[in-house]
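There are structures below to look over.
Each of the two complexes below includes chain A, the first together with chain B, the second together with chain C.
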Partner chain A sequence: MSDQKLTISTSPFLKDAATTPGIMWKVVFSLLPVVIASSYYFGVGALVTTAVAIISCVLTEWFFSPRSAYSISDGSGVITGILLAMTLPPGFPLWMTFIGGIVAIGMGKTIWGGLGQNIFNPALLGRAFLQAAFPTAITTWNLPDGAFLDVQASQLAMPFMQSQADVVSSATPLAVMKFDKVETNTWDLLTGNIGGSLGETCGILLILAMVYLISVKIIKWQIPVSILLTVGILSLVFYLLDANNYPSPQFMILSGGLLIGAVYMATDLVTSPITPSGLWIYGIGIGILVVLIRLWGGLPEGVMYAILLMNAATPLINRYTAVRTYGYKK
Partner chain B sequence: MNDFIWIFVSALLVNNFTLSYFLGLCPFLGVSQRLDTAFRLGLANIFVMIITALCSYALNQWVLPFAPYLRLISFIIVIASAVQFVEMAMKKLSPDLFRKLGIFLPLITTNCAILGLALFSTNKGYGFWEGLVYALGAGGGVTLALVLMAGIREETRLLNIPKLVEGTALNLIIAGILSMAFMGFAGLFST
Partner chain C sequence: MSAAANTISPQLTFQHGIHPEEFKELSNLKPIERMAFVPEYRLPLSQHIGAPSLPVVKVGENVKRGQKIADPGGYVSVALHSPVDGTIKDIGIYTHPNGRELPAIIITTDAYSSQEFVGMESVDPYSLSKSEFIQKIQDSGLVGLGGAAFPAHVKFNIQEDKKCKYLMINGCECEPFLTADDRLMIEFGEELIEGIKILNHFIGAEKVYIAVEVNKPKAIMNLRNLASDNIEVVCLKVKYPQGAEKMMTSAILGKEIPAGGLPLDLGVLVSNVGTLVALAQYFRNGIPLIERVVTVTGTTMNRPSNVMVPVGTPMESLVKWCGGFTSDTTRILLGGPMMGMVQKRLDVPVVKGTSGILALSSEQVKELNEYSCIRCGRCLDACPIYLNPSHLGLLAKKGLWEEMEENHVMDCFECGSCSFVCPSAIPLVQSFRVAKGFIKQAKKRDV
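Let's turn to the complex of A and B:
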């Protein structure tokens, strides 16, 4: 009788059917419309950039990971690749994209011990590195020349060579706002008929992706909602104070990388806080930093830096918002 | 009023002494293993910076016009005595923290961030209140950098860091990434 096997274990007792690959591939699935939209607006060059970023991320991960621990099928490298590509301007040289992928995975993920260990969002880290290393290339938004199948000449530039191609550069809505104080209309922002990085043009798709990811419980709704609310409320206050100098709230929310950042980068399961109140602090912090950098900073866009800075603060947030364990006295 | 806000934010974020000017890196890398130690070293830094700002203002006002060649040496003496004071006070009030800070407390004496503060505020021609706000911003910036770094480093103890980068290499990489993230503040309030 006494040899009846009882399994004694500690919490968690309720287990979910979700697996890491399951979550990752769902995110990839939700990104597909965004990728397709980017190729619709910027031609096949956008797909080439995405492919190069994915290959670079997956190769780097394969190269630096211990053979026993590495599995390409978990899809996390693919997500980093797609997200990195979505933050780059169209016509960004492919060799720079490749370097961005190496930095994103190498410095953003493998040195921390691989999947689930990193402090900073890998894709944004790669993007920040590219911004520091190639400040001109990454702020040149080339207009697509209209033909779907044309790959832009600037994309094929050789490493460390100046591209000889003539490009027509366009300004992004945020840059136009910052330097000329002209606001792009909301409908164009929603449908993506604007200049910008690959994945930040079509607002509707990103909002749909957010709804999908929240409904399948992959991202925590508190993070995007708190970021968007903070940015909306703060910019509304300044808009009401001085409508000539400050952009309207709907413009602040729909333009630039705020939506893609709030939906995909800030909600990274690994680099965002784990406590309930921490999620709000994190989101509000990102919102405040975005408004601060956009309205008074030297750069037109600050979503990337805002998220990286709050990633850096995440260990502190987790620590000071820790929930008291049931039955545990301090 | 706007000037004071600008001076404060500039020293705190845009021209953060640790992450943009790379001044005073030794305590930043040396005493950031634990959050509470790092935070209190930051406070000690703020204190020494405020004393330095007050004294350098007095020196600039009443001594250095007559003996300009004494600038460096008088700043260093002021800083050294301020640190000595902090050290004695800490030994008396918090021997535990005194032991934890170890060599890094007397090292504030030759910390480039502190001497840098005195020299910068002299070069920029800051008056009494401006110098004080500048010292608060700079000290706050150093504390902010220390606390962020310590938070991340405490977290890395739970991670599966590869042997190759464990320790100093990873700390330098974290410092680099933090500095990269602080680039986002470039040009803040400059227009």
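Let's turn to the complex of A and C:
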């Protein structure tokens, strides 16, 4: 008994079961239905894009990380890959997707010091780069040509070559709204039977994913709720003022990347505030920026920039919303 | 018993906190047993916070069970008594359970003695003046038995300018595994109530709360039957660290103890149930503090038990009494698993502050990879005093002690909730302990 090997360490000796890789892989799990839905609507090409994005992200992470780090297995690179793919239009050239992954992880994450150190959401940073570098390709919404197994020709474009768009192009509901003032009906928005980026079209799945992630306490409910409430209330005000020129609140909430942004991008633990009141300030800020950009900006969609801007404000929000310590007066 | 007394609600609590697995079922149904006497006892002169006791016996001298063997070494110090009839074998330097080499008295047990108490007389506490009462408590060697072992008479000696309005008896026992207080409240309820009445005779609190977490329904029922007058048994939610003074005060009074202050600033005095049972036994039978209840448990302990152990008993003997532990044991702890201390060797004695001995395997105490902080905020939701452990942890990594002090790290009472919840397994509270040490040292240098 007394010659047993006992270990010395300090308390506490008990540990909650949740681990960081566990949290990350649960997020990946919650994204699977979204990925499957994207391939249902846009064909197998969606899966190919997702695979390329994941490979690009994980390879970049592996290349830049010190070999002793376990950052490959923690699942965070896989999340970035899936999320990046889900924000890309169908038919987006794969070589561009690959570059997007390199930028997302390289400039969005490892350059800051890896997991937990970055200021901006890596997937959105990668997409912002793609939007700046390939503005035409990222706003070309190719419709699938019907057969599930057909990969769109534009996806297979050679690197640095113009994609030969030989398929029917369509407009997203937001673009139709912005330029033609025609609103897509709510049912189509919910079921995803619309044009748009791979993962953003099926509203029902994203709402279910949100409920799941909130119930397992991975994302904080305050963020999606404050974003959606802000967008809903603000757009309701303008809709009531002038229904001919402004979209309805349900259209604003269900169209474009708002849901995927509110559920997956804005809730990124690393780049969102940590204080209770900070969560609301952050969410409301995103909501206001989305409405401003969509209604009066030059772009049809503003979720990406809204979240990136509020990411930048997060350290400041954390500092100014610090919680009062027990026993102190504020 | 009225219908209201039967319910264990409303359940009061504080904000934040955690819910670790309880593991109380290992030992909470085991009645307190007495351990057989062992051949030798080792009594460190520092079993309390404050100055070490001063020996009043010589090597070779015969002592009786309960006889004083050391005087208080100052005001913040208590007397020490022999746990057995025996002979003083040595007064020298021995290993203390805290790992340091400190003076101790070694007593060889008289093998032919009946170990009956001889010449112990009960004292009528109500005939004493307050200063006599305080003196008696110091002579009885009583310390807080919750774990800190702060001399009881110092705590009970409330200054004239302060008023104690609420006496709170801590029966929360929020640490997982520990069941000693639970068993005391079930088996020594009368003594507990008597102890409360004696203490309150001198303190004069308007209201006495006995705070018990609702996972001890038997204790609650028993004390509700016994409590009278201004004594109320309050049910607290099962949540860690419910038994911390700050958390208990928040739960019961809804008020916060000011930073850097004492519960007494709100008119609150907190004492542990074990302390009051010992106090009652002293006045009733004249028995000083020579034994205490220790929960010997853990997932790899062969026979988890609650044992009344003479102070000074070698831990090895106590563990053997409880069947020893299995070979996959990797940690032996003193106290609970959240705030207790790891023990490397068992040839050290049970002291007045030993509340539990736990044997755990690698199944409970996992070796985990540390990841970067992902700012999930779980530690903020866990911290009972609303610190930002995530931020403090980053500061600690950089050694920014001053910034940590500005962020109130000195208010941290090291409950360990932040480390418990951290999914990245960052040693948060562990680094705060280090920081607090550095800050205290820097303060000493500046003075």
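FYI, the second predicted complex is superposed on the first by the 308 of 330 C-alpha atoms of A that agree within 3 Å, B and C clash if a C-alpha of one lies under 4 Å from a C-alpha of the other, contacts with A are read in each partner's own complex, and residues count from 1 in each chain.
Everything below uses one rule, namely that a contact is a pair of C-beta atoms (placed from the backbone, for glycine too) under 8 Å apart; a residue touches a chain by one contact, two chains touch by 3 or more.
Computed from a prediction, not measured in an experiment: that's the story for all the values here.
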Is A:I204 touching the first partner chain B, the second partner chain C, both, or neither of them?
neither
Touch check for A:G302: first (chain B), second (chain C), both, or neither? first
A:I274 in the overlay: touching chain B, chain C, both, or neither? Say first, second, both or neither. second
Query: Looking at the overlay, does A:I102 come into contact with chain B only (first), chain C only (second), both, or neither?
result: neither
### Task
Please indicate which partner A:K15 is in contact with in the superposed arrangement: first for chain B, second for chain C, both, or neither.
second
Counting residues of chain A touched by each of chain B and chain C, the higher count belongs to C
| message | For A:P315, using the defined touch cut-off, is the partner it touches chain B, chain C, both, or neither? Pick first, second, both or neither. | response | first
In the superposed arrangement, does A:L236 touch chain B (first), chain C (second), both or neither? neither
So the chain A residues that chain B and chain C both touch are 113-114, 117
Interface with chain C, chain A side, in the complex: residues 1-2, 4-16, 18-23, 70, 74, 113-117, 220, 269-270, 272, 274-276, 318, 322-328
Contacts from chain B onto chain A in the complex sit at residues 35, 147-148, 151-152, 154-156, 159-162, 165, 170, 173-174, 177-178, 180-191
Per the touch rule above, chain C residues touching chain A in the complex are 18, 20-21, 176, 246, 250, 256-261, 316, 319-320, 324-325, 327, 329-333, 337-347, 360, 364-366, 368-369, 371-378, 380, 384-388, 390-391, 408, 411, 414, 416-417, 419-425, 427, 429-430, 433
Seen from chain A, its contact residues with chain B in the complex are 107, 110-114, 117, 119-120, 125, 128-129, 131-132, 289, 292-293, 296-299, 302, 304-306, 308-309, 312-313, 315-316, 319
